[in-house]
Amino acid sequence: MSKYQTIKEQAYEANMQLPQLNLVLFTFGNVSAADRDQGVFAIKPSGVPYEQLSVEKMVIVDFDGHTVEGSLRPSSDTQTHAVLYKNWADINGIVHTHSTYATAWAQAQTAIPIFGTTHADHLTVDIPCAPPMADEMIKGNYEYETGFQIINHFTELGLSHKEVEMILVGNHAPFTWGKTAEKAVYNSAVLEAVAQMALLTRQINPQAPKLKDSLIQKHFERKHGAGAYYGQE
Amino acid sequence: MSKYQTIKEQAYEANMQLPQLNLVLFTFGNVSAADRDQGVFAIKPSGVPYEQLSVEKMVIVDFDGHTVEGSLRPSSDTQTHAVLYKNWADINGIVHTHSTYATAWAQAQTAIPIFGTTHADHLTVDIPCAPPMADEMIKGNYEYETGFQIINHFTELGLSHKEVEMILVGNHAPFTWGKTAEKAVYNSAVLEAVAQMALLTRQINPQAPKLKDSLIQKHFERKHGAGAYYGQE
Amino acid sequence: MSKYQTIKEQAYEANMQLPQLNLVLFTFGNVSAADRDQGVFAIKPSGVPYEQLSVEKMVIVDFDGHTVEGSLRPSSDTQTHAVLYKNWADINGIVHTHSTYATAWAQAQTAIPIFGTTHADHLTVDIPCAPPMADEMIKGNYEYETGFQIINHFTELGLSHKEVEMILVGNHAPFTWGKTAEKAVYNSAVLEAVAQMALLTRQINPQAPKLKDSLIQKHFERKHGAGAYYGQE
Amino acid sequence: MSKYQTIKEQAYEANMQLPQLNLVLFTFGNVSAADRDQGVFAIKPSGVPYEQLSVEKMVIVDFDGHTVEGSLRPSSDTQTHAVLYKNWADINGIVHTHSTYATAWAQAQTAIPIFGTTHADHLTVDIPCAPPMADEMIKGNYEYETGFQIINHFTELGLSHKEVEMILVGNHAPFTWGKTAEKAVYNSAVLEAVAQMALLTRQINPQAPKLKDSLIQKHFERKHGAGAYYGQE
């Protein structure tokens, strides 16, 4: 048995959640799960249909993006995952999808306004949308640069990747992450639901105001931080 | 066997209806069922996924919001349920969801206009939307105050909670209730359908007029009151 | 065995198609199937959930709206069915739903423009929308008058119920019919699909022109009339 | 066993994918699979419900549109398929659907703008929309002329059917094709997803710019051409 068996299983289970949550069409998505001790992550092989996936087919890659184990080519987005793992030491799962509503906001190059408590239960700011990348980044090592586009946009906005676990990449699609691959998948589903509700909100009321600070703080703190009282822990 | 077995079963069955009716994502919803004789209600435990729910996991809480039986923490919205049960003596079921279309209207801070007979079959007025709460209410006992925000808005509009069994809480999401938990769930599904059709109606015709009084009365009376002739009773 | 067994089976099967085609929520719809020789129709009992329906529960009603066989109360819309059967001798099936998009057009009091060949495959004109009924009709025998509202609108527009097998009743919802109950259900599903596509068409292009006459005639004649060449008959 | 067994099986399997991918209502779609060596294609019989389809019911037709084998009448769109196969020698599968969002763009007579990488992963230009056909073409051999309407629009725009494997026919609906019937079905599903996301993108941002050239080239080349690195081949 592979010494990477645990993350291969985690990555497999998390990848299989994507079609169940209606977050992917065909192979338009991928999840990875990292093992910090061994300095590697397990990721979906490129272009393999979900119904043909198995634990064994997961590819092991190090944080510089080099394949360590596995006979299949890893996801074409592997370098983006590697850059994020290398730079953000406390995340252990990353998801990329082209889910319908989140991708529409990305294509519209528009951050998703914080309109309600469903949003505030998960983050206290608009869901950021990184601008499309510069031509030289695109023509260079595109997926590698995509990772830095994400990191740089967080830096510019002064956001913490521990507090905001999702981003839209302009003209492209969403990325989410978390302490586990499972949490990163959860974040992708939340993002898609929030993205749909935000569009509907503006269709009902084009002048809909954003959520006020007191509600943002209250809802976020219900689920996060020292005073959290949501859930069983 | 618990002396609260009946309401635990009712609450469990009603909670399990939410994902089947596509009214919740993950754990974003909860149902309670009250026993007026014993002065308590059974409610979903906080943050427990629906697939892991069981009758035994339901938490028993009194109308002051104190846990009476159960090892798990009750829903974070428990105080809202308690306030509504305490103040509205004739309801025995309450549902809270973040269902997509109803939540969008809540985020838009807009009451849902009565555009058709589907709406009038269930209530004779616009579906009310309480304004976002005052900061001091939010920073205080938030979920407890949410109950009063609902009750106060009904008082301001002169509405009866026996005739109007649903409300949107501005920036947040819907609450519904009824004589049973099952009826409260039914109301949540009706609200979501009416919310979607109202948005579509305005997209087709931004000047769509509201339903006229004669149709409102006719449809409501078909299903309610002494002359009702819908159904088998 | 009832001498109405055949239409009871037809009505049962056709009613059960509604939830499968996502045309109804709860009990918001009904189908009937007529037997012209015996001068009666079988219809869904009022307010009975689809999962509790059976062939035996179908109610037999004559064309004056009187129950002939069955222990349950027939659909509250029974008088509308009776009027249509009595006045339109060549239809043997009627469906009423509150399907989402068709109902939104009815609430918007707007006929559905003929924008494409999917529409023209089934009828050559806009899908008509009868105006809301006059107050005296509503306060009188409402469901009976609904039947005449439909018939009168067809007369006003000079439409044939043999060529146009569907209508929206303003502020209310759609009715469809056909030579069989099965065909009437088919028409309800087609109406819902056409209603959705028409709304989307106008969202993409608010100035979208209607289909031109040559295409309307061509597509309708592919499926209907002496020169039809669609299908196997 | 028929000497056309292979393409009959391919056509059957590909047709059965359409309802699974939610691309058809009832019989509103058809797929064919060609055998270039034998100069024929297998296509769905006209008007037969998907649940009644079988490999044996597929109809074999030559590239002039004459039935070669099969007791059922072929799809009413057969002449369109024949024209495309005859003129475009390197395609072996064709799909026609009335899928919701793609058909709405066709009805709006609007090409689908290239707004994001999901689009660019599959083609580098707007998804073309052929204008409605001239009256004399419609009144003549309509389906045959539809094939030329498609081919002529590609010629006018200077597009290659090898690089752009999909088109909208104005007022009608989409056609897609590919090296295999399976690929053509894949393209139909991609088209529907891209069509939905493009509409949503413009609803969020009516001034949304198209994808810039560098991103278009990068994404297309990831999946196509000599330097492709998506997938396992």
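Some points to look at:
Going in written order, the chains are labelled A, B, C and D, and every chain counts its residues from 1.
We take it that contacts are C-beta pairs under 8 Å (C-beta built on N, C-alpha and C of every residue); 3 or more make two chains touch, one makes a residue touch a chain.
What you see is a predicted model; the values in this text were computed from it and never measured.
Per-chain Cα centroids separate subunit A from subunit B by 33 Å. Across the assembly, subunit D contributes residues 202-203 that each touch 2 or more other chains.
With chains as nodes and touching pairs as edges, the resulting graph is a single ring in which every chain has exactly two contacts. All chain pairs that touch, listed by label, are A-B, A-D, B-C, C-D.
Touching subunit C in their complex are the following residues of subunit B: 115-118, 186, 189-190, 193, 196-198, 200-205, 208-209, 211-212, 214-215, 218, 222, 229-232.
Residues 25-26, 28, 45-48, 72-73, 76, 98, 100-101, 103-110, 132-133, 135, 138-139, 142, 171-173, 199, 202-203 of subunit C are the ones that touch subunit B when the two sit in their complex.
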